[in-house]
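Following this line, the structures themselves.
Same chain, two partners: subunit A is paired with subunit B first, then with subunit C.
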Partner chain A sequence: MSQYAPIPKARPGKVERVPMPEQDPIERGRNFLEVPFGYTPEMAQVEASRCLECKDPSCVSGCPVGIDIRGFVVKIREGDFQGAVDIIKHDNALPAVCGRVCPQESQCEQVCIVGRKHTPVAIGRLERFAADWERAQGTVAIPRLAPATGRRVAVVGSGPAGLTVAGELALRGHTVTIFEALHKPGGVLMYGIPEFRLPKDIVEAEVDYVRKLGVEIIYNAVIGKMITVQELLEEEGFHAVFLGLGAGLPYFMNIPGENLNGVYSANEYLTRVNLMKAYDFPRADTPVRPGQKVAVFGGGNVAMDAARTALRMGAAEVSIIYRRSMEEMPARREEIHHAEEEGINMRLLCNPVNILGDEQGNVTGVTCLRMELGEPDASGRRRPVPVDGSEFVVEADTVVVAIGNGANPLLTEATPELKLNKWGNIVADDATGRTSMPGVYAGGDIVIGAATVILAMGAGKQAALAMHEELMAKEMN
Partner chain B sequence: MNTIIRKTILTPGVKDLLVDAPRIARKRRAGQFIMLRVRPEGERIPLTIADADPEAGWIRLIFQEVGRSTVELGRLEEGDSILDLAGPLGRPTHIEERGTVVCVGGGIGTAPVHPIAKANKEAGNRVISIIGARSADLLIMEEEMGKVSDRLLVCTDDGSKGIKGFVTQVLQQLIDEGEPIKEVVAIGPVVMMRAVSEVTRPHAIPTVVSLNATMVDGTGMCGGCRVTVDGRSRFVCVDGPEFNGHAVDFGELLQRQRAYTEQERLAMAQDHVCHIGRDQ
Partner chain C sequence: MQFATAEEALNFAIKREIEAARFYTQLAARMRKREMQEALLEMAEEEKSHRDRLIAVREQGSFTSSDQTMQDLKVADFVVMPEITDDLDYAQALILAMKREASARELYLELARVAPDEALRQVFNRLAEEEGLHKRRFEAEYEDRVLEGN
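Here is the complex of A and B:
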């Protein structure tokens, strides 16, 4: 089946990590096309040949969903790309997504043995290659499903956690229905992560794959409001429920001027552009204010996404305002690097204290304080301390607040049986996702707070296994 | 799903739809809203549910064509379906037996006030309703409001029907007459809700207003609908839509409602829909 001849293993350290071609930084700042182009088959095979093919591969333990990394990398080296995809899909229903947005450098690639002396094998790029290769063939293989068990599962939310649970349980023969509050599937993959980092047709394709496993998706279904969790179990005939609600309510700084026109949460800014296609206004109905000078508060991946989106929406000047230094920035190095390359201005050790506006209530600027780093705080990072008299103004007509999200109470306040922690996150068992409510599981950001796609998927996978066990142990009635 | 069962034109630019939505109809309580979208490139807009029949499975939406999305919605006919419809959202009105409750509806605001008046009546309250509009031809739901009110006062700015004057003047008169008002619920244009709140403030009459803010998702995720209440930022979609009128920063709300004036103009220009004479 393979069109490509196998190539031999490279001698350790003899072959450099194959760079992934990408769009020119200046050019791409004006379009929404994906930044990296991905490997060609030849590049993928060469990169795969760098793998030591360890007997006891440590990379696998670095993967939250436990993909047989060595297995699929070997298949790529051998030119058996379909074989590689099959191995990945055994553990991961969304490889094209994970190959793009997983922080591999702090997971599988961090523990890669090659990385001890050289650059680690580019596992993420290879995963992406395999998934893209399969999609390009136009024949996405659907694995054989286990015989129908007659058990019905409701999954609330179609983000990474929900899709993973749905996929895993469908493979095991359960009948799965996903309830999605928005009009499109994918959760943060669709509304949050921008097109240039994760093309939406790729998300659609991965969701389509989950649908082909027999999963039904109902849109515009706000659980907690339209149907309660209790009703799903008692009236709607579901035997178990998984809650993958996502993070929800955006945090604001609680500084003066935050309700001026032109101040957005990153959720709102990104949702307007990604989900509602504000870049296509007025052909699409949803507008976003076209900022010329945009200030983004925060130093995480979402801040980078918002800043790079603003640039593509036509901003002349985009700054990231972050109160610590580059070292403490929580964003992936790759994202920071891309943002800097594109000309995003990094205003480090700066803390916004006041947003300024004109008489019409439009943003005109941000007053900031310079900070210096003091003693380490509870997070272990050095605490930023304001420098007296260091106030200065950054001009801005648009401000995006990207400092994280709190738990959304919409479902939980309608579900008093669910135990919550003091931040409103659902309390769920680490290993199984089991909540305080019988038959109800939870995972992803609603449990652990804002984190990554792959951690949500990892939680989804664990929950799916526990749910499967409980469902099979249940007497059918 | 989401099929329009009946369409009525109430006044020029104000339409009344009965929409088949059994799940929402079953759960909905007075004061709640839905989010809807008319076409694949369409905006998500919030609309208060004006009424619902849980048995028959419909909800009723009354809206004024003020922008591109409401104009598109108004173009749908009986038998057509609304592309996306999600709800019921927001917190329901807090209804309890209190005595005399005054329900004030200004212009299109009479539509969302109607279910609240009805629920208050059902809870055993004495309901006095004041509905107002610029002129007689813009008045809506007079008969229906009459049915759920112990007393209905109608007023128009130009005096073409009922009392000549604003709803605030009628309310002031009720207060002056010594009506033992336990609560006022006011829904309408922001300036009207602000004016009503100022009328009741000196008398410390609890006043509830229902805010219509710009929203994207309607479920708490975007925070675009934030409003300052009691000096604190709140989300209209999950904390509201109803708030204490004496604590709302109406000036800020007015400003925020104008955030997209320029974009709305662009969108409407593209659609060639005449705006003249539309009650904003």
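Here is the complex of A and C:
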């Protein structure tokens, strides 16, 4: 039991949403430390007291992995923090990650009943609090595993989808091996999301939890090159394979100048800094261009991450260049707010059409056009259209293209049995993740295209249940 | 290129749609990836449906404006034409398609400009409008996926 005494439920609307303390914007713009500090136990209990504790909680329906949100929030209010963690971990092996990077405002918090009249309960912050609290105790509880089934499962990729599948299947008694192409686990959590938004020791700790469930992780293992999926099944003795490859192939805009020196994909830029520690060059092996004037194309979370990373790498001026207006920006409001606070320049309704370079092939600027939003088309979307004669140049010595990612073809090209769609994504059943190849499942970004961590985890969970069913049926035959 | 009647102009346009369908079919046969073969064959089918529409116009003798409103997204103006290899991806195929539709549109606008009479000018303007709609369809698909985050 925790030493914290229960506190009473607050009357609806009588207690304001508890803000989360965070680093000063000026100060944090020059360091890689995490921006928010998280709730104290007292803050968490007050925030939890705002929950109406609905009999039929709608928040759960907004969670892709179906966490018993009401259950864990009540436990926090009661001061039983371990109880809260246990409830969350029943459905989510990565709570400290999800508490930080899930778009709660468009999921669980969007359907929170408190939010109809007031600001919704800060479910994400409470999830983060519970996970951080447990880690701070130094005693992460490992649930009891089902008896060993004798079935072996290969999981390709240790990102959110792969880790979820691995955890779920290990709990059910299967022997799971994850094959990770990089030298560190976590996929996008490790190479993509920066330290200031998701500290890497937190990713390591959550991966460690999955490892403690008995999951083995083999690094530097590029499936499709070193060994094929077919060989995993036929020669390596695996009874099923899950493909959680992520969306590792960056899209470029296909405009002139994208081959100039100083143009990065966000994938490359963030991998250099996050995974390869380019901020510590030359002590680390990998450099990155320390741009002074950095232009980032795109308006999603990855664009915000790249822009804020450039600032921390010492850039004097960082601009987000986005074709639409603030309203259409796909990034989380919180991320946009943090980026603005830190001084990132938002060039909205601007379309980069040409990257300019000098005689040595280095970036010098970006030609942009002003855009306006047109009338809604048949799909109801207002598409951006260029304003004639509105050309102007943004000076830049570094450009980061952060407009999205597609499917990396490395594994799929070596696996002709897999059916792909025209964008190269694996075609898999929505409910089960089954692919066209017997015994092979897939989920996350490699199926649905670049999306969110929690959607990948939701797909992983569904696939794990279907795989378990199939594996147990095999055992009975 | 000289045209005396609307029928001649439409025959020319129909021939171009047939050539376009053949282009995508042949390109599909060169592709290494099965999904790209299928995608390019779908594009060939679209060209065949454009051909059928123009045949119907020629037979009915009236060429009315489409109901769809057309806002020129101008994506084709800024993207670079990809090198055509057997490893084309779908984003490159969309660029190729939107660029082909854009040049067809330009051609018809030019033919409208130099048309000897008003009837013929109207036919070419309508053909340009059609190609603009086709271009926009490819631009919108490109925008929805490749430029989704921008």
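Methods note: the second predicted complex is superposed on the first by the 470 of 477 C-alpha atoms of A that agree within 3 Å, B and C clash if a C-alpha of one lies under 4 Å from a C-alpha of the other, contacts with A are read in each partner's own complex, and residues count from 1 in each chain.
The criterion applied here is as follows: a residue touches a chain if its C-beta (ideal position, glycine included) is under 8 Å from a C-beta of that chain, and two chains touch if they have at least 3 such contacts.
Keep in mind the model is a prediction, meaning the values are calculated, not measured.
Trainee: Do subunit B and subunit C fit side by side on subunit A in the superposed arrangement, or is it a clash?
Mentor: fit
Trainee: Once the structures are superposed on A, label A:Gly83 by its partner contacts, choosing first (subunit B), second (subunit C), both or neither.
Mentor: Neither partner.
Trainee: In the superposed arrangement, which partner chain does A:Asn254 touch: subunit B (first), subunit C (second), both, or neither?
Mentor: both
Trainee: Going by the contact rule set out at the top, does A:Pro41 touch subunit B (first), subunit C (second), both, or neither?
Mentor: A:Pro41: touches no partner chain.
Trainee: Which partner does A:Pro199 contact after superposing on A: first (subunit B), second (subunit C), both, neither?
Mentor: neither
Trainee: Contacts for A:Arg289 in the overlay, against subunit B (first) and subunit C (second): which applies, first, second, both or neither?
Mentor: First partner only, subunit B.
Trainee: Between subunit B and subunit C, whom does A:Gly71 touch in the aligned arrangement: first, second, both, or neither?
Mentor: A:Gly71 contacts neither subunit B nor subunit C.
Trainee: Applying the document's definition of touch, where does A:Phe297 land relative to subunit B and subunit C: first, second, both, or neither?
Mentor: After superposition on chain A, A:Phe297 lies in contact with subunit C alone.
Trainee: How many degrees, to the nearest 10, separate the directions from subunit A's C-alpha centre towards those of subunit B and subunit C?
Mentor: Between subunit B and subunit C, as viewed from subunit A: 70 degrees.
Trainee: With both complexes placed on chain A, how many Å separate the closest C-alpha atoms of subunit B and subunit C?
Mentor: 5
Trainee: Considering only the contact definition stated at the top, list the common interface residues of subunit A for subunit B and subunit C.
Mentor: Shared contact residues on subunit A (touching subunit B in one complex, subunit C in the other): 254, 409.
Trainee: Using the touch definition up top, name the residues of subunit B that touch subunit A in the complex.
Mentor: Subunit B residues touching subunit A: 23-24, 27, 35, 37, 41-44, 68-69, 83-89, 216-217, 219-224, 226-228, 233, 235, 238, 252, 255-256, 258-260, 263-264, 266-267, 270.
Trainee: Touching residues of subunit A toward subunit B in the complex: what are they?
Mentor: These residues of subunit A touch subunit B: 181-183, 191, 219-222, 225-227, 246, 248-250, 252, 254, 258-262, 264-265, 267-268, 271-272, 276-277, 280-287, 289, 360-361, 408-410.
Trainee: Would you pull the subunit A residues touching subunit C in the complex into a rising list?
Mentor: 251, 253-256, 297-300, 302-303, 322-323, 330, 351, 353-354, 374-375, 377-378, 383-386, 402-404, 406, 409, 413, 416, 420-424, 449
Trainee: Where on subunit C is subunit A touching in the complex?
Mentor: So the residues of subunit C touching subunit A come out as 33-36, 38-39, 42, 68-69, 71-74, 77-80, 82, 89-92, 95, 140, 143, 145-150.
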